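Could you have a look at this structure, given as structure tokens, before my questions?
Labels for the chains are A, B, C and D, by order of writing; each one numbers its residues from 1.
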Amino acid sequence: MKKIRVGLIGATGYGGVGLIELLINHPSVTIGALMAKQDINKPISAIYPHLKGFCDLPVFDPADPDCPDDFDIVFYATPDGVSQKGARRWLNKGVKVIDYSGDFRFNDKDSYASYAARIGKTKEHADPDVLPSAVYGLPELHREEIAKSDLVGNPGCFAVSCILGFSPALKSGLIDSKDIIFDAKSGVSGAGKTPSPTFHFPARYEAMNAYKVTGHQHVYEIERELSLLSGKEIKITFTPHVVPLSRGIIATIYANIVSNVNMESLTDAYSSMYGNEPFIRVFSHGEILSTTDVRGSNFCNISLNIDSRTGKLIVISLIDNLVKGQAGNALQNMNIMMKIEETTGLMYPGNFP
Amino acid sequence: MKKIRVGLIGATGYGGVGLIELLINHPSVTIGALMAKQDINKPISAIYPHLKGFCDLPVFDPADPDCPDDFDIVFYATPDGVSQKGARRWLNKGVKVIDYSGDFRFNDKDSYASYAARIGKTKEHADPDVLPSAVYGLPELHREEIAKSDLVGNPGCFAVSCILGFSPALKSGLIDSKDIIFDAKSGVSGAGKTPSPTFHFPARYEAMNAYKVTGHQHVYEIERELSLLSGKEIKITFTPHVVPLSRGIIATIYANIVSNVNMESLTDAYSSMYGNEPFIRVFSHGEILSTTDVRGSNFCNISLNIDSRTGKLIVISLIDNLVKGQAGNALQNMNIMMKIEETTGLMYPGNFP
Amino acid sequence: MKKIRVGLIGATGYGGVGLIELLINHPSVTIGALMAKQDINKPISAIYPHLKGFCDLPVFDPADPDCPDDFDIVFYATPDGVSQKGARRWLNKGVKVIDYSGDFRFNDKDSYASYAARIGKTKEHADPDVLPSAVYGLPELHREEIAKSDLVGNPGCFAVSCILGFSPALKSGLIDSKDIIFDAKSGVSGAGKTPSPTFHFPARYEAMNAYKVTGHQHVYEIERELSLLSGKEIKITFTPHVVPLSRGIIATIYANIVSNVNMESLTDAYSSMYGNEPFIRVFSHGEILSTTDVRGSNFCNISLNIDSRTGKLIVISLIDNLVKGQAGNALQNMNIMMKIEETTGLMYPGNFP
Amino acid sequence: MKKIRVGLIGATGYGGVGLIELLINHPSVTIGALMAKQDINKPISAIYPHLKGFCDLPVFDPADPDCPDDFDIVFYATPDGVSQKGARRWLNKGVKVIDYSGDFRFNDKDSYASYAARIGKTKEHADPDVLPSAVYGLPELHREEIAKSDLVGNPGCFAVSCILGFSPALKSGLIDSKDIIFDAKSGVSGAGKTPSPTFHFPARYEAMNAYKVTGHQHVYEIERELSLLSGKEIKITFTPHVVPLSRGIIATIYANIVSNVNMESLTDAYSSMYGNEPFIRVFSHGEILSTTDVRGSNFCNISLNIDSRTGKLIVISLIDNLVKGQAGNALQNMNIMMKIEETTGLMYPGNFP
């Protein structure tokens, strides 16, 4: 069978290398070219020595005319602002596109503008006409649209953990849609590969902190998805924290339950929505879930709890921010878009310890 | 000047060694005896080599008749259930007592029974008659009672961060007293010195998790203090998490603001209550606070934030769980009880990085 | 094709779970039964939640008559002293055996006795008659014997890094066989799953130390292998250290070069011995090798250096102690013994970061 | 008594902040001014929030004419190349100078040139005439010269651990002066405050590596000191490693013992040289020393071992690279130069855990 030919732009960042690690053992894929703006001409394995012998392809400047471009699908593992300028080139040739950034998570220019303002980018999208065709790439919510789409915006890592953790409770009407709080904790790899004083090892060792309190950009996509799901406008409180580990997100989610909700109805709601999901595992109150349970895997683990003293739902939702929160979820989208078994190349449990 | 003679029971745990580190350079104190149930007769510096040359006193069995007992004050750095059986002996001799555990955090037997049930202990306090004289040892709330007391129950580490972070907002009526949420994250040292599978290094490396969701025992003392402060019954939601670092607690606190509250009124409330506090530093929205800013010191750092989109107060409160959350706060209590300058032996900034 | 049926004794330790992680995706294997002395009847995925959905087999007591025993090969992922009492049962039935411990690393009873004395075990081997048939399971040195053997003693993790790092230099006569020093640094997972004060998270955080200076038990197998390889008796100095990370060993190896040795002759010696090895990657002076380059993979990375000022060879040898140092190497042995492609189920690069 | 007035250049790096932490509680010192090339005019406590309330002095550009300059002593906590251009200004005014870098560790221009070539700097010292008056600031070897000097070059952190660990063995003639090997492991803070890809948290988490194999610049000062001590030219092999923790160095030192050396003669040699040293603690074979035993303190812990099988001395030497390896040792030098008690402001045990 002819293999799917993949182009990867932004190959040298954490999102790029995470995808390469998965593609190496994906039975239906061949990597057509690796592209990036730095480390041009170096073999990727000179930058990431663990890939030596597995993938020694050189890094091309995407503008290099000698760079192969005969792909079936292109991944943009690039920061905000890059893919919106390049995606059309591929789409016009019939090549599908999956983007990691916020460039295609919003399918109208006004929503994009609100988002872009938050991250300090030009509010104007570079290619607003293509936006309506973009699909938000969370398979558990949009599988069918993803299957039909040529352009998918992969979700933000915090958004994956929050939306997956909360959707069944909201959709089933078990909670009051006001006073929803997401308290999220992330490992440092979520900040990417570029060194900074905040993520310098000695400064980060034994350091945890909240940041962007009341102002994180993932709020928009979470609110949009939750509003779509519930059919009314949802506003949320979201506080991100950085903790001194490399991989892993915990979102601790609080909402007020409506009367008569109990563990049984709650569990039913999650089973009903996620019963057939290959990458979601639901646990009940009392089971302790750790980020190591999902590290290196494409799973989202969810624990359900009710505080009957205060009438609160408390959901714990865990992912590996670089897998289900990024490269793994992107590959899941590719499998769906290319009409192959959705779990292909993704069924790894990770390593413990 | 005659030095204060200190007896320390439970000298070999983290709470004990943390106190010794501080007492070594305290100008008005001499250590009368170290006591513990293990490592009897060993010099403390054989157990904790960093103390070698600073404190080489042997560890006595507290039941050993040769153990000195001519103290001015005794610290119980022991687990729940120990000091309630021993405190009276010292009190009867006119020796003051500070206890780290929950044994003297509640001054009536019913409150104690509720607490004890939660931690799986006999509900009956061993010495209920002494309970009414016990004072909750949080100087910022009970300084004057502590000064008059002979028996102080040092607060739980989570409770310190939560109560200090939230009291001014509650006391000043700036928030609705319903829907108060404390999402707390702690380093591992809060679990003490005893090895366990959960805190085995490889199992804990890169592992973070929530635990005791809806069921942590510190809820009681937090609710009691907040209820006292506000004059009405307060119920809270509290979710503790363990993160893979040694020292540090962040409590992220959520509550609904009442109308017309803004950053100015909020800041005023905290200044009014904490303006003269030697160990509380208040920061405004946008300043990033890290646990390393309080590591090794007796300070509580607090940042104030309002999410105007959702009407939420968000307070970030940070302490070193072993200093302001334990030994440092206990020493602050001692200074108050012994009528010496409250900050004596406690003015260290900690080390960075 | 009929799948190889594997029995795994000691399934709940790190060595057991590491093998399960690999077997899950091994195309020619089915797991016949998991056995251990603890957590009997629990699904393995209740102990290790990351396995949920991948392997939910129950843990059997190996003495349970209901435990399946129709295996093609049995792995003992058990401490010293266990397999020597059980191996014969399997061998008599024609079932092959691979043992992780020191029980079958020595093929005569006197060598075993020296080793056993060092680790504080009874010197007498429980089944000395079977010892002569045991093969030391380091494929790079004993591939052909392993292929013919029914009983393989998997090497110690330190021994793998030291022997692989040094063998070509010794074999080719490029160094003086006196004054050989191995300075080894290991992550904590090498100590296994059992909690202890030394490996309690807070005590280990930011703590590194040397231990068993002059007295580590892996010295014996290293000296035996090096002596075999060089044809003369080799004595080595070996100092192990524990550093606060989970996985990874660096062995820094020092020896005196003989005259006229240079980087070229050195590189030739390593190429000559390892040119076709699937799991060894040799790097030259100046390339920085990190344990993360081999984490989660079955590779041994080696860097070659000469200090011409002092006439020293300095080799840096890196492995993941739980993969090439344990479960991965054991599986490589299985592939060889079962006459399937040696690299099957082992070609993973690991994840970065 | 008039306080010693200190000027600190390079106040915002780890070496600067480490000194400020100590000066805050030093009874005989007042900080005259903090200077740096970045963060000008900011209070130091805005850069390092743990100092808030302890030291809120602003950072001056050292070239600012408004910057105070009436100091008794100036510390240069700056990289190589800075103090050699500025020291004379202070010396001419009768102000003493202590420098952290390599600028004044060599007291002739040729030695400096060899060193400078190694670190890629101009070989020519900017002020060669002042070099002969510079003293190498290791109190345990040069206390009397330091007391008479106005210009002290504080040693490199690795050099402190290696020289202190090995000097008594060498001086007493207990070892062969050939084949001396220093295998050193350092925490990341030794690399300073500037972010880089190598020390980016996710890239460093669970990563350890050797670096500058055969080529580290501290070799020169170690060889110079050992040669001075033994009266003959010493050449050493030195391999530095970085491990993923913040503070701490272990130097594992290997040398061949001469005949008849045993633990007793070895211990005598160390007692004889270090018996009265306030900051050196010597331990015997079998005691496990961890970097946490010296973290946050000015101590060097040393363990002595003999491998009688191979005739090797093995010394384990531990320091906190930022205290005895930097700011603490510098302050010890200041105390000696200013004729106050050498241990003033330095007697802290550090915190455990």
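As a convention for this text, a contact is a pair of C-beta atoms (placed from the backbone, for glycine too) under 8 Å apart; a residue touches a chain by one contact, two chains touch by 3 or more.
Please read all numbers here as calculations on a predicted model, not as lab measurements.
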Worksheet item: Among all the other chains, which ones are in touch with both subunit A and subunit D?
Response: B, C
Item to complete: For the pairs B-C and C-D, output the one whose chains share more C-beta pairs in contact.
Response: C-D
Worksheet item: Taking each chain's centre as the mean of its CA atoms, which one is farthest from the centre of subunit B?
Response: C
Practice prompt. Averaging only over C-alpha atoms, locate the centres of subunit B and subunit D and give their separation in whole Å.
Written response: 37
Worksheet item: Rounded to the nearest whole Å, what is the centre-to-centre distance of subunit C and subunit D, using the mean of the C-alpha atoms as each centre?
Response: 39
Practice prompt. Find the geometric centre of each of subunit B and subunit C from their Cα atoms only, then give the gap between the two centres in Å, rounded to an integer.
Written response: 46
Worksheet entry | Per-residue multi-chain contacts in subunit D, two or more chains | 14, 187, 189, 202-203, 205-206, 244-247, 289-290, 292, 295, 353
Worksheet item: Hey, which residues of subunit A end up touching subunit B in the complex?
Response: 179, 181, 183, 185, 187, 198, 202-203, 205-211, 213-214, 235-237, 239, 241, 243-248, 250, 252, 254, 256, 285, 288-292, 295, 303, 305-310, 312, 314, 316, 353
Fill in: In the complex with subunit B, residue positions of subunit D that touch it
14, 17-18, 21, 24-25, 48-55, 189, 205-206, 246-247, 281, 283, 287, 289-290, 292-297, 301, 322, 347-353
Worksheet item: What residues on subunit B touch subunit C, complex-wise?
Response: 14, 187-189, 191, 193-197, 199-206, 244-246
